[in-house]
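In order of appearance the chains are A, B, C and D, and numbering begins at 1 in each one.
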Amino acid sequence: MTETFACHKVSEGIIEGDILLSSDDLCFYLVDPKTGVVIEKNHSLEGQSIAGKILVFPSGKGSSVVQADGMYQLKMSGKGPKALIIKYPDTVLVASSIIMEMPVVDKVDEQFYQQVKNGDHVLLDATNGHLQIK
Amino acid sequence: MTETFACHKVSEGIIEGDILLSSDDLCFYLVDPKTGVVIEKNHSLEGQSIAGKILVFPSGKGSSVVQADGMYQLKMSGKGPKALIIKYPDTVLVASSIIMEMPVVDKVDEQFYQQVKNGDHVLLDATNGHLQIK
Amino acid sequence: MQLTEEELGMLDGKYGKGTQIAMKIQVALGDVFNAERMVPVSRTHVALSNQEADLWFVEKMVNAGAKCRVSPTVNPGFNLEYFQCITKISKKDEETILRTRKAYKDVGATLTFDCTPYLEKNVPRFGEITAYSESSATPFINSVYGARTNRESAQSALCAAITGRTPLYGFLLDENRKGQVLVDVKAKIKDDFDYQLLGYAVPKKLKFKTPVFVNVPTSPSPAALMNLGAQLNTAGNVPMYHIVGVTPEARTVEDAFQGSDPENVITITEEDLEKVHDEITDPGGKIDFALFGCPHFNIDQVAHVSHLVDQKQLKVKLFIMTSSLTKELAHRMGYLDTLQAAGGDIVDDTCMDQPCWEFLYGKKGVTDSPKCAYYTKRRNMQFVIRNVDECIEAAMRGEI
Amino acid sequence: MQLTEEELGMLDGKYGKGTQIAMKIQVALGDVFNAERMVPVSRTHVALSNQEADLWFVEKMVNAGAKCRVSPTVNPGFNLEYFQCITKISKKDEETILRTRKAYKDVGATLTFDCTPYLEKNVPRFGEITAYSESSATPFINSVYGARTNRESAQSALCAAITGRTPLYGFLLDENRKGQVLVDVKAKIKDDFDYQLLGYAVPKKLKFKTPVFVNVPTSPSPAALMNLGAQLNTAGNVPMYHIVGVTPEARTVEDAFQGSDPENVITITEEDLEKVHDEITDPGGKIDFALFGCPHFNIDQVAHVSHLVDQKQLKVKLFIMTSSLTKELAHRMGYLDTLQAAGGDIVDDTCMDQPCWEFLYGKKGVTDSPKCAYYTKRRNMQFVIRNVDECIEAAMRGEI
């Protein structure tokens, strides 16, 4: 069965991929651009790679300069996430994702958060504001 | 008979001299520094010299730059007034007279203005705040 | 006046002769204006003028050992090195400007040589007590920032810088900052230049009264506010104004009048502005130069002129007076190149009212500044006054 | 969001691709933050950082034809020509800074290269709606001037500069500007440095809340206010504060809280400041350099250091970062000579967080700025943090 959830477009695009959940806020500068592996000490994702994932996390953190730089390095190395599902986007995440043309959504149905599990395969249609767990 | 009037010291000094009355406000820049003669058109003192007089006038006028310059030129040429009796002193008149060490008073008894005439000989004791018409 | 122990010490010569003279002048001022006491100032600006009297005063202070406690920014004299390249500067004028520079340096001034310090390096916050001389500065400080200064002369401001005090009177006191006359602006205010005319027109109808403007645009540029204040204060000795919804002490009409009624209501019409314009400008004709920056142009104004002359050729020489920072920025951004290619230039650290402009005496120019025309009458220059765009057109045609 | 016709035109590409991207980003921001509409901005400041991402973003905008409607001032990168004289700059770093300069010039920025624009060339008036990025700027604009800005990133501020608009949300709205927590300062605040500690200590006790300070001195210097805001915003993402009797939206405690009660009252004691101080500083020892000016020192701060080192000799190299105007003034006033004679120097147009400082990597220095230490951790520099006077003493001894 496929479930569909409403969400709100931050940056447009339609994409499919596997979910990676982070309960902690994320600083992209503390991700190794060569591998996509989170290197931040004591982070819930420490040691895991975010490369190619649809990343679910509460909000960004760290100064806007390092955050933008982190996102950019990951984009250039191709080891960044495929898309972002964020609870509280900020100006750097919004601006960077739009200019990088990476799909991003916020304001997702609360039910999605209750059902989604790591590794779920998801179709994210940011442009039209919905997403499906397959 | 000698009449004494109270006044208020702006710039100290004790001096004797002859009164010259101006009903108009005064711009020292419009006084010829070579002669001390007022050259301002339609001024009540136009054509008269202020050199060596105790000058009675309501207030200064003109920009502070030209006013200061006018006073300075007259001081240098020695054609300036000996002392000033002013109704409404301003910051240029106050500062310039103190630095030039010229006696100046304000807040003179109203009776003085009623009695004083052009050419009266006056003893002005600015330091102690009184003046006499002799 | 009630003086603190330290102030009495200054008056008694405990801090040297220079501080003593300064304090003596300030006590006299306090007495004249019925101030009860002195208050500390946190900023000062001195309208250095490089006139003989100015130099004499500051040298006298320096020789008496005065040193500023609150370093003042200072107005421009003229940029000797620049003018020596383009004209002849007499030995005497050279000597004077060098002595002026030295004296102000020695007294401990911050040598900005700029007449818009309130936009650049000497910006007060709301409520701050200060002492600014310079006709465009005083209204900006009082009105736009809601900081407080009296209408100081160069001398009294220098005394404040030296003692770090000013007598408490006038515009430093709440009750004297209240609006007095409501000015209903029926004329359409289209650009920064119209604020010049507005500033000149109002004192014709009310002298020495604090105006409260209504019905003017609510997002005036800094240049507009600068122009308005400069002309109000030059033409009418008005060092403070309110614009309802714009200036911080005029959030509402009631706020501006502190709850009282206006003493008077006046209206300013299109015709008032036209009349004032006719009155202040010299008649048109062939022109020899264009001159801007009295008060100093900011970078936005320079950018505007630069765009207007881009790829064009001026018939007459064009000068824009600015601060040295603005000139540096104009250089970095390519505006200076554009201006120079068209036959114009930027002159930094220079005032209109200085002997360096002698090569323009007896000639006719265009300017957007009534203040510029006002001050240069005594230097025998004629000025046709128009808005910047019309000035530039005239400078390209060589006549107006 | 409700967009005007012109804003829709921008979004539809009527004003070119660059403006379109910028507007797209701003509409997304508006949606995210539930803004009803856009409002015009009259000033902007972009925290140029000369990092690859920064350069990439602005070049992308330039290539898409973007041109700023409201020319932003910009943060410093580094002064290439200066550092080429004193150290080796890699080809790559040279290329990057030259490209950064060019890109910002082409997009129409005002090339101030200064991180205290609010003291120098980009000063808002009360109530003005603006978009400033840069951690020390945002709190100064909001708190000290009572103008309004959100906590912009370099990108969102650049978008605002390009479109001349910003979504109406957050600190642009009256209700979000009200104080939330009363901060009773029991610690004695003695100098500008104590404001650094205060700014760092408060977010430890309350995150993301707008503090209302009472019992601090009521005539803080601009540097004090700058320090307070910079640290609040760096350590706690707090872009606005009130000081009762000082900042314009806090004439009284009631005013600051807009009539509501504080959500919370906290006190800051001497011990809090000491604890914070211990936490942020590296341990003492032999030092290799002293570094000031993060944020850029103003001329009063330069004067202070200059007096301290006058006729003395420093054991380690000392650098003060400033704007180019401050350096020019320091030169005119003789401070630069004094500093250089003692073994120090002024570096203009330069930020701490730039590759030009590589020659100091792995070394230990003194600074008065927690922000400086915070940012340079990732560049592997150690910092002992003290007030300016103690830093200078240490620089003369070579250790602390």
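Observations, loosely collected:
Criterion: a contact is a pair of C-beta atoms (placed from the backbone, for glycine too) under 8 Å apart; a residue touches a chain by one contact, two chains touch by 3 or more.
Here the structure is a predicted model, which is why all the values come from computation and not from measurement.
The set of chains in contact with subunit A as well as subunit D is empty.
Computed centre separation for the pair subunit C/subunit D is 30 angstrom, with centres defined by C-alpha atoms. In this assembly, the C-alpha centroid of subunit B lies 55 Å from the C-alpha centroid of subunit D. Here, these are the chain pairs in contact: A-D, B-C, C-D.
Chain contact summary for the complex, subunit C toward subunit B: residues 21, 24-25, 28-29, 31-32, 47, 49, 51-54, 56-57, 60, 133, 135, 150-156, 159, 234, 353, 375, 378.
Those residues of subunit D that touch subunit C in the complex are listed here as 40, 42, 71, 105, 110-112, 119-121, 123, 125-127, 144-146, 219, 221-222, 225, 246-248, 299-300, 303, 324-325, 328-329, 332-334.
Those residues of subunit B that touch subunit C in the shared complex are 8-11, 63-66, 68-69, 71-73, 76, 89-92, 94-96, 98-99, 106.
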